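Residue numbering begins at 1 within each chain, and the chains themselves are lettered A, B, C and D in the order written.
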Amino acid sequence: MYSPKNTKERIHHRLKISKGHLEKVIKMIENDEYCIDIMHQINAVESGLKETRNLVMENHLKTCVADAIKNGNQDETVKEVMSVFKTKI
Amino acid sequence: MYSPKNTKERIHHRLKISKGHLEKVIKMIENDEYCIDIMHQINAVESGLKETRNLVMENHLKTCVADAIKNGNQDETVKEVMSVFKTKI
Amino acid sequence: MYSPKNTKERIHHRLKISKGHLEKVIKMIENDEYCIDIMHQINAVESGLKETRNLVMENHLKTCVADAIKNGNQDETVKEVMSVFKTKI
Amino acid sequence: MYSPKNTKERIHHRLKISKGHLEKVIKMIENDEYCIDIMHQINAVESGLKETRNLVMENHLKTCVADAIKNGNQDETVKEVMSVFKTKI
């Protein structure tokens, strides 16, 4: 369930971009490029993944979490959100 | 608003511990202790702060966010949660 | 320049694994899987990338940084390491 | 051992500022301020600590690590730096 409607497409599109960046990192290793440049490129992939995860989280809060709270399933849904919030630090 | 009741005391207690750890870092600098030990001690303070923030977030979701969603103020409350979620990465 | 010899292969291998995990995330989005599961899978990709970057950094310190320091190019090499250290937080 | 000379004072000064910010967080809890504001303030403390740790790391690389590498103690010093680099993620 996605809101607004094009959220799924945006997430999918960003992940494809991250995949492209990751493929570039793999090529950089194969071509013996400079470590510092490789690490910066890895940071770029991570940074893209974080933005994507934030989009997923925002969508999750607006849809699944909001529904769960309205239906009285608050404890379980909060526990799930916290499981992501904790590991991502 | 805290739930369960002793959450505020737990948060307060942990912050006091973090303050103690931070005071130790300051003493370590004054006493010219080894950089590596100082950095590990700084990591310990950060780690304690993160756990505390997680407690605050969990409490926030269970109380303020749940109330806001039930009262139809979903967009604003999700925006606020995301503002923390984004900066903490 | 890699040390020990198989470091390049280890890094390359891990990146291929991360790529596989990222492709799984993309499939999960396409299949409308649960947001929480998707976010945990994104965390797994990030976690793998971090471990890979640590391997690259360790190798960089042992080879390029050590050489630069022995050759008197300390300031530039420290600046480069810090540029990675700062952005990755 | 600090380089440049005033680095120790700068680190000490920043830690005192972080301590002040942390004391403010404790007061915010005592005064039942809004969770979101408390979490942003905790983020500010963390952010200050990270900058301080970066200063300590930069100094460490320029002094202790450079000396260790020149004296042939490369493996041990790289291992120590990596121990900080790994945990801080």
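As a convention for this text, contacts are C-beta pairs under 8 Å (C-beta built on N, C-alpha and C of every residue); 3 or more make two chains touch, one makes a residue touch a chain.
Just so it is clear, the structure is predicted and the values come from calculations on it, not from any experiment.
Asker: Which chain has its C-alpha centroid farthest away from the centroid of chain C?
Answerer: B
Asker: Please tell me the distance, in whole Å, between the geometric centres of chain A and chain D computed from their C-alpha atoms.
Answerer: Computed from C-alpha means, the inter-chain centre distance equals 28 Å.
Asker: Which integer distance in Å separates the CA centroid of chain A from that of chain C?
Answerer: Roughly 17 Å, centre to centre.
Asker: In whole angstrom, how far does the Cα centroid of chain A sit from the Cα centroid of chain B?
Answerer: 23
Asker: Return the residues of chain C touching two or more other chains; collapse runs of consecutive numbers into ranges.
Answerer: If we look for residues of chain C contacting two or more partner chains, we find 50, 57, 81, 88.
Asker: Testing understanding: with touching defined as stated, what is the shape of the graph linking the protein chains, line, ring, star, complete or other?
Answerer: Shape of the chain contacts: a ring, since each chain touches exactly two and the loop closes.
Asker: If you look only at chain C, which of its residues touch chain D in the complex?
Answerer: Counting only chain C, the residues touching chain D are 50, 54, 57-58, 61-62, 65-66, 69-70, 74-75, 78, 81-82, 85-86, 88-89.
Asker: In the complex formed with chain C, which residues of chain A make contact?
Answerer: Within the complex, chain A contacts chain C at residues 8, 11-12, 15-16, 18-19, 22-23, 25-26, 29-30, 32, 34-36, 38-40, 42-43, 45-46, 49-50, 52-53, 56-57, 59-60, 64, 80-81, 83-84, 87-88.
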